[in-house]
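Chain IDs A, B, C and D follow the sequence of writing; residue 1 opens each chain.
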């Protein structure tokens, strides 16, 4: 993985390795966001979940989002990885890191990337609930993510 | 170090350990910010720098900022560490991490904390320039940080 | 002509398969979904989906071509 | 009375010490800085500093008390 890339990963996300890739002597700041598996959603207890992706399109759409971020914000590099497969509570589902000379751009780009990934990249979450049932999440426009 | 604390550290900042302290099954997201030593500032090449702090007051003011963040934003926990001593280019000078059920609050609180730390906590940066001179940074109001 | 359809998430559960090859008359991507929806009883209305053709987002009005791989994209929930 | 003054960053460089104990007349924290500024030639005007007493931020108008530890806080540059 290079600094400027988006990747779908079937393996656990190695945050330390991702941070190291973004090391850059010009960088004054790195903003990052980790999405983790919560033990609840929408008021229901969650035991675990599974993500699946349309991998080919997810990778190209993710790369497009990073390109857009580089066009909109004065950043040095941006990386994002989204996990697929079975995840336990607390595991990292998505990681976004952005380096920039100044923190304004790093924060704004990081926020842009996670928002766009959630809105556009073909990845789906399947939640298993403590009560035994399970559900694919297909949010309506306007749902709180 | 506990999840809800501010600390001045004379040792290198162990980001992996800090992240682990913030693990929380209720957390849907963690926003973090790392400030790193840049190889330039204000157009001048920087070889390295030193931070010093009024440690007693820095720790109490940092703790107050974290309290304010918990009051203003719907977050689960927040930690921040600021390094003092001699740092090389690329080293982590400051780390802020915030967990929350939702990413809006995590991002907003993380940004608030780093902004307030930079504005209020008694820590000073001493830069050594490639040309051989050195300088304490005492920014004027309105300077770009 | 022959096209390959890809199903994800709840569509895959309802179709009980992740893909299928179908023989169809000339038609738009929209018509492909409508036929698949009738065949498999998909709950999601087309207005809530996006469509991709050969690995790139496409428009529902585009006509399918021989050998296309067409994916119906339910509302996403990554992150 | 006796107070202890703490100097940081450029103030410490200019004073060539990180602290000093001084015997002073009754006076405000502002007067303590003005005397130290004259003694050591501090470049920073008081208006750009904050002041702390015994480990907590204080007001320049407060009167110093016997045994106080008073810190002059130049503009900070952490982060």
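Methods note: contacts are C-beta pairs under 8 Å (C-beta built on N, C-alpha and C of every residue); 3 or more make two chains touch, one makes a residue touch a chain.
All values reported here derive from a predicted model rather than from experimental measurement.
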Third chains touching both subunit C and subunit A: none
Centroid distance [mean C-alpha coordinates] between subunit D and subunit A, Å: 49
Averaged-CA centre spacing for the pair subunit B and subunit A, given as whole angstrom: 23
Subunit C and subunit D: spacing of chain centres that average the CA atoms, whole Å: 73
Sites on subunit C at which at least two other chains make contact: none
Sequence positions of subunit B contacting 2 or more other chains: 35, 114, 145
Chain-to-chain touches, reported pairwise for every pair that qualifies: A-B, A-C, B-D
Partner subunit B, residues of subunit A touching it in the complex: 15-16, 19, 23-36, 38-40, 89-90, 101-103, 106-107, 110-111, 114, 144-145
Touching residues (chain side subunit B, partner subunit D) in the complex: 35, 51-54, 56-57, 60-61, 82, 93-94, 114, 117-126, 136-140, 145
Residues of subunit D touching subunit B in the complex: 6, 8-10, 13, 44, 48, 52, 55-57, 71, 73-79
